[in-house]
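Look for subunit A in each of the two complexes below; its partner is subunit B in the first and subunit C in the second.
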Partner chain A sequence: MAAVAAAVAPTRMEFLKLKQRVSLAQRGHDLLREKMDALVIEFFEVLRNIGKARAGALKQLSLAHQAISVCSAVMGTIETRQASREAKRELEVEISTRYVMGIVVPTLEVERVERDALARGYSLHTTSSLLDEASKEFEKALGLLVKLAELEESARAIARELERTKRRVNALEYILIPRLKAALKFIEMRLDEMERENFSRLKRIKAMLEAMA
Partner chain B sequence: MSYKVAVIGDADTATGFALAGVSYTYVHVDKDRTLAKLTEFMASEEIGLVLITHPIAEELGAEFRRMMRMKKLLPVVLRISDKTGYIPKVDELYELIKRTVGAEIVVRAEEG
Partner chain C sequence: MNADRVLKFELSRLNVHLPERRISLKEALESTKPQVATRDGSIHRFKREELDLLAKTVPEAGWEKLYLPILIALDPKLGRGAARITGGAEAKVVGQILGKKSMGEELLIYRPEVAVVRRKLPTTTQYFFVPR
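Then we have the complex of A and B:
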C-alpha cells in the first residue's frame, strides 16, 4: 500500500486520471468475466460430447482388438502381420482449423475410412475372411477415434484459454483494481487534508491581520 | 490440408491400424527408441494425427507430458486403449477440468 501511495502524486489531475483507469479496468474485468462464462459453457458442451464419443470409440476399439485376436489365432500371427504389411496404407485425414471465440481449434475429417476388401491391398486368396472382419472393425474404430481426437483437442484448447482468461480476471479483480482504488483513496485523503490545512492557515492569517489592525 | 496418421503401440495395435490404412506404425520396444520415434512423428510435416496407447504414454511419463505441453497445434495426439482395455485411473481430462473450473467438476459427473 505504501508503495502505491509513494508512486502517485496527490494532485487533482492524477485523481481524475486514476478514476478513469479504475472505470476502464472495471469494464475490462466485466468483459473478461463474460468471456469466461461463455467459455465455460462451450467447454462443458465439448465435454459432454467427449463423454459420448469416448464410450463409442472405446467399445469399437475393443471389438477391433477382439477381431484381430481371433484372426491371429486362426490365420497365424505371422500371416496376419504379413497381410498388414501388404495392406495399402494411405489413409489421409483432412485437418483444418476453425475459431471458437477467438481460439484456434482443429477440425479433423476423414473421407472414407471403411474400404472394401479389394481396396485394402492384401492378397485375398491367401487370407481368411476374418482378416477382412478385423480390418473393417479397425477402420470403424479409426473413424471414431479421429472424431474423438478433434473433440479432445478442442477441449484442451478451450481449457488453456479458460485458464488464461481466469488468470487475467483474477489479476484485475484482486490486484489491479484494489491497487488503483487504494491510490484513489490516498489522493482523496491527501487532498482533504490539504484543504483542512489551508483552512486553518487562512484562519490564523485572518486572526493575525485582525490583531495588527 | 490432408495429413497422414501415425500409430505407436504394441504389435497387435500396430497390425490392426496398419490394416485399417494408417500410414506410419511403430511397435514400442523400449522407452528411448519410442521417444525418438515420437519426436520424429511430432516434427513431421505430413503427420496430422498420432495415436499412442495408454500404457506406452504412461511409460514415457514426464517426457511425454512435456512434449504434449510444448507441441504445436499439429499433430493432434490422442491416447487410446490397447487390447487389455487399459485406461488410467486419473483421467487427464478430469484433471484439466479440476484445474480450470475448480469445484464445478461435479457437474460433469451428473450429466455425462
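Then we have the complex of A and C:
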C-alpha cells in the first residue's frame, strides 16, 4: 500500500482515470484469455495431426528404403546411384499463408509429387522397373514430408504466440489488475478520510462560532 | 501507462486476421483461387476440400447465403470457452456438422464443439474476438 500511496495522487480525477484503466485491463484480460484458450485448441489439434503425419511419413520412408535396397541389390549400387544423379530434382511447392488468430501459419501445396517414369529424367533403357517402384515410394514419402513440415512449422508458430499470450494474461491477472485495484482502493480510502476530516473540521468551527456568540 | 499502450496494441491486433469482405460459398466454388483479403492486407486461402465438404452439406440454393469464412465469435460475456455462430446459413451448416439443431439466426457452441468445427473446417472458419 505504501508503494501505491507514493505513486498516485488521491484525487477524484485520478480515481476516475484509474477506474477506466481497470475496466480496460479487465477487458483485455478476458479477451486475451479467450485467445489463449483458442490457441490451446489449435495447438493440440496441430499436435494430433503431427503425430499422425509423422507416423505416416516414417512408414512410407521405411517402404521406400526397402524398395531402394531391393533395387540396389538387383541393379547394383553404382547403377542406382548413377540413375539418382540423372533424376530431375525440381519440385514445385506453392507456399502461402493462413492465419490462426493473427499468427502467420504456412500452407504448403504441392501440385504433383508423384511423376511418371518418363518425367523422372533417368534412362529407362539402362534401369530396372524396380527403380521406378522405389522412386514412386520416395515421391509418396516426399509428399508426406512436405505436409509434416507444414504442420511442424504451424505448431512452432502457435506455441510461440501461446507463450506470449500466456505471459500477457498472467501479467494482467497477477500484476497489473491487482496493482490498479489496490491504487483504486487507496484513493477511495483517502477520499473518505478527507471527507471525514472536513466534516469534523466543520463541526469544530461550528462549535467555536457558537461559543463566541 | 506503458502497460496500457501495450494492452491497447494487443486488443487492436486481435481481429486483424478477419477478412475485409466475406465471399459466398458460390463465389468461392466458382473461383480458381478461392481466397479473401484480410484487414492487415494479407491473403487468406480456402482449401478446396473444405469447400467441397460445405457444398455437399449445404443445398445448392443456399450457396449464395453462406458467407465465408464462417466466424466463430468468442465473447467473454458468454463465459469462458463459449462461442457464437451468427447468420442463418452459417449456424445451420455448423449445426449440421456438429449434429446440433440451430435455433434461427444464432448457434451457441462450446469449447469441445469449437475444436470439432476447427478440425473439420480449418480454413473456412475463423475466430472473431468480440470487444465489449
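By definition in this document, the second predicted complex is superposed on the first by the 212 of 213 C-alpha atoms of A that agree within 3 Å, B and C clash if a C-alpha of one lies under 4 Å from a C-alpha of the other, contacts with A are read in each partner's own complex, and residues count from 1 in each chain.
What we mean here is this: contacts are C-beta pairs under 8 Å (C-beta built on N, C-alpha and C of every residue); 3 or more make two chains touch, one makes a residue touch a chain.
Computed from a predicted model, the values in this text were never measured in an experiment.
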Which superposed partner A:S200 touches (first subunit B, second subunit C, both, neither): neither
Which of subunit B and subunit C A:G51 touches, first, second, both or neither: first
Touching partner for A:S96 - first (subunit B), second (subunit C), both, neither: both
Of subunit B and subunit C, the chain that contacts the larger number of subunit A residues: B
Touched partner set for A:S123, first subunit B, second subunit C, both or neither: neither
First (subunit B), second (subunit C), both or neither touched by A:R21: second
Touched partner set for A:I41, first subunit B, second subunit C, both or neither: second
Subunit B and subunit C footprints on subunit A, overlapping residues: 44, 96-97, 104
Subunit A-facing residues of subunit C, complex: 3-4, 6-8, 10-11, 13-14, 16-17, 38, 40, 42-45, 74, 76, 80-81, 111, 114-115, 118-119, 122-123, 126-127, 129, 131-132
For the subunit A and subunit B complex, residues of the former touching the latter: 40, 43-44, 47-48, 50-52, 57-58, 61-62, 64-65, 68-69, 72, 80-81, 83-85, 87-97, 104, 106, 108, 113, 115, 120, 122, 131, 134-135, 137-139, 141-142, 145-146, 148-150, 152-153, 155-156, 159, 162-163, 166
Subunit A residues touching subunit C - in the complex, by the definition given at the top: 21, 24-25, 27-28, 30-35, 37-38, 41-42, 44-45, 96-102, 104, 107, 168, 171-172, 176
Of all residues in subunit B, those that touch subunit A in their complex: 1-5, 11-23, 48-49, 51, 73-74, 76-78, 80-83, 85, 87, 93, 96-97, 99-101, 104, 107-108, 111-112
